[in-house]
């Protein structure tokens, strides 16, 4: 089951650089682990911003909540979620 | 070059059913032609709405404008566009 | 899987009264059928408005789209959807 | 009398972890006490967020204010309230 | 139990003058009847607009919905509702 | 001359409790003094919030500014003002 | 007593040209009459729009409502009102 | 050339009182100097707020930017600008 | 003097095609005339929309109003205006 | 390929003046370097604000992201991006 997830990062200006670097490193490792598992199907940067557009592929709403709330950057992001489903005009087999 | 395009359809309530049906049929044929050409890479329905989330793959902004403005439903849609690019944490080869 | 769905009805002012009545009758029958099936778990009027707050219980996003897009009032409503899941502080067994 | 209450938690980034943990523990105990009393009828997590959708069942507006303003997280939440009442199409006896 | 209700009237520009006059006459009679009954406690015009600020005094949310949805101008108004209760600093006995 | 005034309190999270208590005590005394003088005609809590809806009765705009800007909580509030006047359908003598 | 009033004109596209011309002629005459009386102190066009910024000088809120609601274009305008008063830094005698 | 300028002051809550007083004193002196020069034609307080509505009379956009960006409170204000010009219905000679 | 002007075209759905074509032809001729005169310095399509971003070069606000209000599409456009001036970091001689 | 980029600077009030000065100096040098390279085609100040309107000329979305995210002021700005392309009515050769 697919969800579009948009994340905008807002790091506090007074966060020490090494703390930010450590959180970002954990975020990257976690994001790549979820991609490897097939749960984070797409991850794009929105050009001109510190934000991304993502497609998650999860079993249900509960798994979506579990994956997102464990993002190391979760406390510092505005996150928008939209449930997706197959479009009747799609010809792509994996646009479920 | 990828763009996220979100389209929300607002057909006038007084449009005759057969006119609407004809426009939608042309929209579907056009959307499938663009998908076949690889220019409309993803097309998802937003669950609970008459709207879609799409990923377009175009040569440049001009081609994006050309493809979108030729949509048969173009005069009846609210359309939001966001330019995308590769995210440094992506491991998917086609998340350009 | 639960979703909060909020629906606001905007009937065109020039819709004939008997057309509106017929659509509303079909909407009511459909809503009650979905409630009987257990798919429309809660349905409340928002006091002071022509709007409702609903809880849908569906298999997945696709079923949510199927149920909502078939509402007779669908073309005349603003609809907002939010995916829900169990809250760690809930003690109600059916607040899945 | 029912109210939909939506709460979004915004903890200050510089709140010490043990202070946050203590407030959350009190919030959970209080939420479960109100659920046990039947005043907090439903409590759902909004998937992908630090937010909830709740249904309160109170005697009147004054009790709603009393219950909400005593939430330990009250100073740190954006809260939206909507008064609910029975929908003419509801078949659920407890959708008062 | 008190509610602040704000109503903004948006009559369709193509409504015949005599139809509008008839609806407004019924609205006025109904509003004065509810005021006489003590259910519509205050009714003020917002200066510079076709809008009002009102205070309703009702038994519960259901009565609020009943009174408002029966306003002859109901289909033509944007309506905002806020539940009120006694303020701890009020010294007015009827600011319940 | 009447004005609807809506006030939403946003105390900084790092304000010491005794400072907040002292400001609130002064606010309460000032609010009650203005009510006694007949200038603050109504004061209601908005249920589920740290906000109020008020009706001020002042000689002119200048007095409104004078009264509001001297509120001890003034620097910590979002304040919305709407000028009111008699509604042609009002039957209440004091709904000037 | 001064008020800033901003008016944005939205004439229906299907209003016959001679009807629009007649309303605008009455609006102009009325606006000039109010200016002559000193009640409409300033009237500026917002460059690039069919909108104006105005300063009204009235006895009270009721007169403001009376003057504005009698504008021939009143049913076709979005109108925003802000009560003004003397600024402590003003040196202009008529910036009351 | 006239511009409407609206300024809303948001002083940081942790700014020491003497720093705020010093900035405000400089702001007042600067505002009065510009008024004396005829460049700041009107200055009104918006009743019930820490905000003003102003009319600037400048040679061009560059002078507007120069005057506003040198306001001592500039870093602490939300500022909205609208270019004005003569309204065809104005009878006031100085409503250029 | 430069202004950024953003125009979004909203033609009524029931405008006859030949009327729309005639207005668009006049709009194009007028736009090209203003460009030839050097008053409409830049004109770009916003990709994926029926909208443009433009830079106007005018003597003053009054000329801006004159040029824009004479656009044949003026009654059918949402228009946003921002006054521009030289940026201290610009090295382009014509970025006045 | 052109993009309109709007940047609004929000420096934290507690940033030391010399830190701000150093960031601004680097921003200016970087902006002028990009202008020299032809990638930052236009740069205007929005009159009355700490904001700019810019036109970037880049090879693709990725280069736009690269240029913008390396702005020294990037962490302190709200940035809006719109993809541009040639307008059919433009007569300027460089309005690509």
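Should a chain be cited, it is by its letter among A, B, C, D, E, F, G, H, I and J, assigned in written order, with residues numbered from 1 in that chain.
Rule of thumb we're sticking to: contacts are C-beta pairs under 8 Å (C-beta built on N, C-alpha and C of every residue); 3 or more make two chains touch, one makes a residue touch a chain.
No experiment lies behind these values; they were computed from the predicted model shown.
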Each chain counted as touching chain A and chain H at once: J
Message: Just to be sure I understand the contacts, which chains border both chain D and chain B?
response: A, C
- line: Comparing contact pairs by residue number, the option in I-J, B-J or D-F matching B-C for over half of them is D-F
Pair joined by the larger number of C-beta contacts - I-J, A-D: I-J
- prompt: chain F to chain J: how many Å between their CA centres?
  reply: 44
Message: Centroid from C-alpha atoms only, then distance chain D to chain E, rounded to Å. What do you get?
response: 28
Task: Note the residues in chain F that touch 2 or more other chains, in rising order.
output: 2-3, 45, 47-48, 61-62, 64-65, 81, 83-86
- prompt: Quick one: do these chains touch in a line, a ring, a star, all-to-all (complete), or other?
  reply: other
Message: Please list each pair of chains that are touching.
response: A-B, A-C, A-D, A-J, B-C, B-I, B-J, C-D, C-E, D-E, D-F, E-F, E-G, F-G, F-H, G-H, G-I, H-I, H-J, I-J
Field: For the chain D and chain E complex, residues of the former touching the latter
entry: 1-3, 60-62, 64-65, 81, 83-86
Chain B residues within the chain C interface of the complex: 11, 13-14, 45, 47-50
Statement: So, in the complex, the side of chain E touching chain F is made of residues 2, 4, 27-28, 31-32, 35-36, 41-48, 52-53, 55, 82-92, 95
- request: Would you tell me which residues of chain D are touching chain F in their complex?
  value: 3, 5, 12, 15, 61-62, 64-65, 68-69, 74-76, 79, 81
